[in-house]
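In order of appearance the chains are A, B, C and D, and numbering begins at 1 in each one.
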Amino acid sequence: MNQLRVGMIGYKFMGKAHSNAYRTLPMFFPEAVKPEMAVLCGRDGQAVQRAAEQLGWRQYVTDWKELVARDDIDLIDINAPSDAHKEIALAAAKAGKHIFCEKPLALTLSDSREMLQAAEEAGVCHMVGFNYRFSPAVKLVKKLVESGRLGQIYHFRAWFLQDWILDPEFPLVWRLQKEIAGSGSHGDLGAHLIDLAHYLVGDISEVIGMSETFIKERPLADEMTGLSAKSSKGKDAPKGPVTVDDATLFLARFENGALGSFEATRFAAGHRSTNAFEINGSLGSVKFDFERMNELEVYFTSDDEDVQGFRRVVATDPAHAYAEAWWPPGHTLGFEHTFIHEVLELGEAISASRQPEPNFRDGVKCQAVLEAVERSVSERRWVDLSEM
Amino acid sequence: MNQLRVGMIGYKFMGKAHSNAYRTLPMFFPEAVKPEMAVLCGRDGQAVQRAAEQLGWRQYVTDWKELVARDDIDLIDINAPSDAHKEIALAAAKAGKHIFCEKPLALTLSDSREMLQAAEEAGVCHMVGFNYRFSPAVKLVKKLVESGRLGQIYHFRAWFLQDWILDPEFPLVWRLQKEIAGSGSHGDLGAHLIDLAHYLVGDISEVIGMSETFIKERPLADEMTGLSAKSSKGKDAPKGPVTVDDATLFLARFENGALGSFEATRFAAGHRSTNAFEINGSLGSVKFDFERMNELEVYFTSDDEDVQGFRRVVATDPAHAYAEAWWPPGHTLGFEHTFIHEVLELGEAISASRQPEPNFRDGVKCQAVLEAVERSVSERRWVDLSEM
Amino acid sequence: MNQLRVGMIGYKFMGKAHSNAYRTLPMFFPEAVKPEMAVLCGRDGQAVQRAAEQLGWRQYVTDWKELVARDDIDLIDINAPSDAHKEIALAAAKAGKHIFCEKPLALTLSDSREMLQAAEEAGVCHMVGFNYRFSPAVKLVKKLVESGRLGQIYHFRAWFLQDWILDPEFPLVWRLQKEIAGSGSHGDLGAHLIDLAHYLVGDISEVIGMSETFIKERPLADEMTGLSAKSSKGKDAPKGPVTVDDATLFLARFENGALGSFEATRFAAGHRSTNAFEINGSLGSVKFDFERMNELEVYFTSDDEDVQGFRRVVATDPAHAYAEAWWPPGHTLGFEHTFIHEVLELGEAISASRQPEPNFRDGVKCQAVLEAVERSVSERRWVDLSEM
Amino acid sequence: MNQLRVGMIGYKFMGKAHSNAYRTLPMFFPEAVKPEMAVLCGRDGQAVQRAAEQLGWRQYVTDWKELVARDDIDLIDINAPSDAHKEIALAAAKAGKHIFCEKPLALTLSDSREMLQAAEEAGVCHMVGFNYRFSPAVKLVKKLVESGRLGQIYHFRAWFLQDWILDPEFPLVWRLQKEIAGSGSHGDLGAHLIDLAHYLVGDISEVIGMSETFIKERPLADEMTGLSAKSSKGKDAPKGPVTVDDATLFLARFENGALGSFEATRFAAGHRSTNAFEINGSLGSVKFDFERMNELEVYFTSDDEDVQGFRRVVATDPAHAYAEAWWPPGHTLGFEHTFIHEVLELGEAISASRQPEPNFRDGVKCQAVLEAVERSVSERRWVDLSEM
């Protein structure tokens, strides 16, 4: 198999990122399976037509059920709002399609488990969109951890800081509504940190969290997407309740004994999108910040004693993942490249009839931690993951 | 009063820092009360004599009770190991001496309260050694917060990371023994973070923590101080149990609604002494790291929209605290300067017959949080500060 | 006109970057002229066929003269080795094609002038590939300078540091041969700095330089491109002379009185591709480093005196050039985006029947400075640009 | 000899730094020769008396000739304005005193040679105050270079950037007057860079420079020191000509083949005192910036290929120069510590009857480069150091 016929549902922020990935992959990874951008799906006919044209999709439809039913499609790519994930995924699995679903997998742990079960039973490949794993610098962390070059891991601390809703007049977009988004900063930002923790450190055994909604009410939006909106009526706009968390923090213990600290917030002035973590091991440490995604700071205890210090590694050398497909050393990549690498993994897995990583198991595992934290917040106690 | 006759107990790390502060103060702050380095006290006669000579103390004694009883002493400076603080402070208060006590004030909250009560009843000035308040950059944070330039505070996150006991063969110094040190990273490092939180954000209402001792046993030391030691017997050295925490993390809620995250560890490879915090408010943010103590990163939401970003302020301008007493702009200060400024405050307070800041009340407040965290760790639950 | 039929000559490093730009442009800038990737040209039939397929070109040819003669082509894109630029450009101009030529425009100033004259006489649009102008952060510098927010410019200092030929065993690729490359670090790296200086500060009036070839001989390569090569024979490989500069530095005086310092080297260990500059004006300063291309450090003298400092602006906000076409704030761009923005300008200019910026005039102006520096090196004296 | 009786002339910025060094040395380096702060000298009786008291000098005098003539003085410390250095140094040498003279040694090369000759003939120890050599991080550079760990040196680039006279209304202090200061940014700031180049890279063989005075006239000061002044008359203040350079840049070739680039300016907005350099060698590189004086960035080509990058070394470990005398690792030093280490070297040299480093030879060598640059500026040509 060297062609992958894709049907994609959703065409906003993530849809654009995925489309770009499908289009760009063959140019830089010519050995990879070539995605065919077959059909784009969205509810608003005019808008989806325009999007299909702009993003380079051959056809478009407005009914996802129709899309899922077609037999000229191999892969269903789901990046519609979170509340739509489950139903589509179940139908896609039933129709025997491979599935690439954006995170969070579903609004609840049980929904996500249902999705995993359906996909496993259908024998299809399933992937969940934790794209940050695919930064070359994060791949380098994985390699350092797995090879033992950092030794035993003692600490993982991570924070995903944004500030786009700091202004109390910013309107009530769908990402601030629990019934559509599931949760706020926790599921949107914290989910990425949790997946990175799983990927790089291991499973989490127990958690305790704290959550807050600083601004309880916001102006209703006239028109909106998940990230932006306009509210034409200014100060007099009618308001609605914010039903998700503005910030969620939690402490965690990993099964291997490491200690974890996690913070997700949309109220950190000056941080447009600081997705950062640090790992401390017995033989070394690493620091990563997605705002400088090409860089990794690395420390080794074995360095000569007069020149010990964090090294700023720019992960664009031939020794780094993906780098040779791109530009010469020192010529950096951007946010969108994580999706191109993600789609590369997806294609390779489908070709090889194996599950891609991360897949729905990872999505479920992440959801379990998300919900355990939520339970710990509402019950004000430590929650063991075995409860979930 | 323009002379302050000091008797100091202890002459190791902190004793050296205090001695340097007393000696240097008059040269750079000529208007300040001039400390007279009168008497140094330590148990080992030969060692204290040598220290007195080196550090510039006029006399020395080996019995602190004798020192406290002298009537030619105005101030007792206590920087002996933590388990000795209480008894000395009570005696000093009884003798009507002003007291400058290193942190942590005592091994327990109740001890520290007893010390506060004794000092208050005696009507003496009392100060506790939270020296990090006295970095010019921290003073700038205080000014920004108090003047409202950061707006309402939403987040405080802080970490004090060290790595000096990362090696499992590092011996069992007194700082790793509960009966002398009280606690490990928590009381030693976390205490500073808690005091900064109190100083900059406000009172804490509830906490929940997590603690770990990664290395449970260590070689006994032949000879030791708090920070370093030698164990001559190598791998065959007899071992003893580490009875304090290697790392303690906790979440906190402040009375003003801000969320706090705290981490203290001695197992963060590559961090010799990273004492860092960030504050996010509705109008701006600040970031501080003591390894770059002259710098403060500051962000304002009110900056022009095309040039918004964290500013790296080097706090050595005339507009910054203490700066004019030192060198021209851009000529930086070091760790020891925090003590000089601390002693400046102490002298000003004694002159003006007011309490210095921070004083024993701050020490008690810090101890209350430390113990609340310890209780939350052992009882695995949120602890409200009103319980303490 | 909303379609631009492109014929491109060359398909290595720059050809890949241009191809990606043509392909990606319509997805993110749907209002822009849509480039049609019509014909790719290269001498090696098999290789160019493979490249055309991988990079997405509809057809391929092996003779550039044939390409230039076709009447279904609007634009000739020249990214073949530098020694081929002139002949192709002259032919393209004669054939009435718009021209997009990589830098350096030609091997000599007189050649580049001939190219400019031919293009002007033919009335075609001409662009030269100084892609770094198209970083959003560089566009922000331009805006700050032009609007007067930095005041009168006093200093421009710039350095382009690489280390890819540091190893004396690195073979003699074409970029190290004067007859093909024209010059070494000077024309390859320094040219970008000179163009940025022209763009951001203004014209240069006089220069004096210093040049060095640290490694005089290198192994002959079996097989090579401009940037990499293999030499199968190891230490015994026959060697040939390096005929270009490894490093060139020069001082410059600008017509507006500013002082400039320029350094280009391929011998700066640890610098994969540090393309950095700083500008100091009477009202502020900026610092840029392409390894962190999304960031600009900006300082204003008008900031409140207690919070003056360089701001780290991440140029991904709606207020920044191009940003809204891409991702939400804080989601960064990479090296290749400069080419997409460059092609956007090219298309807009052709549509509007104006010259794009930078065009051959800028290429000539840059070449004049390059040659003035070379003359100053060989004659060991200041060279006034009016001489050139 | 374990006592060094010091007579010091001057008590402003440098006098304060030296006084602090003499006072602090014995506390942290108890094995060192103990300086006795015997006599302070200044022209203004009242002011010098006040300064002697504040800075801790036992006596004071107003006539430096009287001071030099005393036989209870071992060392004459000269930190008066630059135009006074020569006469005092000659007299001190004649009187058989050791001499510690601030930089620049003299206003001219021939004066500085006369001083060197006088000191050599008198057989006294002589030191020149290039204090930046004494940063632990700079000592680490020296060690790396000398041990060959950076390999052959290809590049040295350095810049000393300040902004304290950026405002055209800043008055005409003595540092802006050629007859007192000798030169402007060149001798004040550039001199430090030249000395570091000599110390770390080696001798310079030829130079060419460029100089500018951006603001030609400034208000006369009512009252002034070298760095600050007040001009009471505001806009109407009478003005006088600035007779020194605001900025001087030069290129240099070292005898060992390395290329050098130097820039000194007082017109770099945002730079209070950025004294920075970078060295690139065949095996590695280092970067230093005095605003972060405790840090050194170090790169080695021999690092594993997937973790190559500049290490941020905080030079406060036991493996670093001076560190054990101070605080635990990670507790940083400031500007003033360079002087303490400088005085340590001075004392050790005098004790051992050897010349301290840097001494008048280094001062002369620096002066030769300064003057060669000035000549190259006025004659607009390369100047070989053998001419000087």
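Criterion: contacts are C-beta pairs under 8 Å (C-beta built on N, C-alpha and C of every residue); 3 or more make two chains touch, one makes a residue touch a chain.
Molecules present, by chain and UniProt name: A, B, C, D = Putative dehydrogenase.
These numbers come from a predicted model, not from an experiment.
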item	value
Chain whose mean Cα position lies farthest from subunit A (Putative dehydrogenase)	D
Between A-D and A-C, the pair with more C-beta contacts	A-C
Geometric centre distance via CA averages, subunit B (Putative dehydrogenase)-subunit A (Putative dehydrogenase), whole Å	41
Separation of subunit A (Putative dehydrogenase) from subunit C (Putative dehydrogenase), taking each centre as the mean of its C-alpha atoms, in whole Å	35
Inter-centroid spacing, subunit D (Putative dehydrogenase) versus subunit A (Putative dehydrogenase) (mean Cα positions, whole Å)	54
Subunit A (Putative dehydrogenase): positions in contact with at least two other chains	271, 308-310, 314, 317
Contact footprint of subunit D (Putative dehydrogenase) on subunit C (Putative dehydrogenase) as seen in their complex	154-155, 157, 159, 161, 163, 166, 208-210, 212, 214, 247, 249-251, 253, 257, 259, 261, 263, 265, 267-271, 278, 280-285, 299, 301, 308-310, 380-382
Subunit B (Putative dehydrogenase)-touching residues of subunit D (Putative dehydrogenase), taken from the complex the two chains share	13, 16-17, 19-20, 23-24, 26-28, 30, 53-56, 162, 164, 227, 271-274, 290-294, 314, 316-317, 326-337
Subunit B (Putative dehydrogenase) partner contacts - residues on subunit C (Putative dehydrogenase) that touch it in the complex	140, 143-144, 296-298, 300, 303, 305-314, 317-320
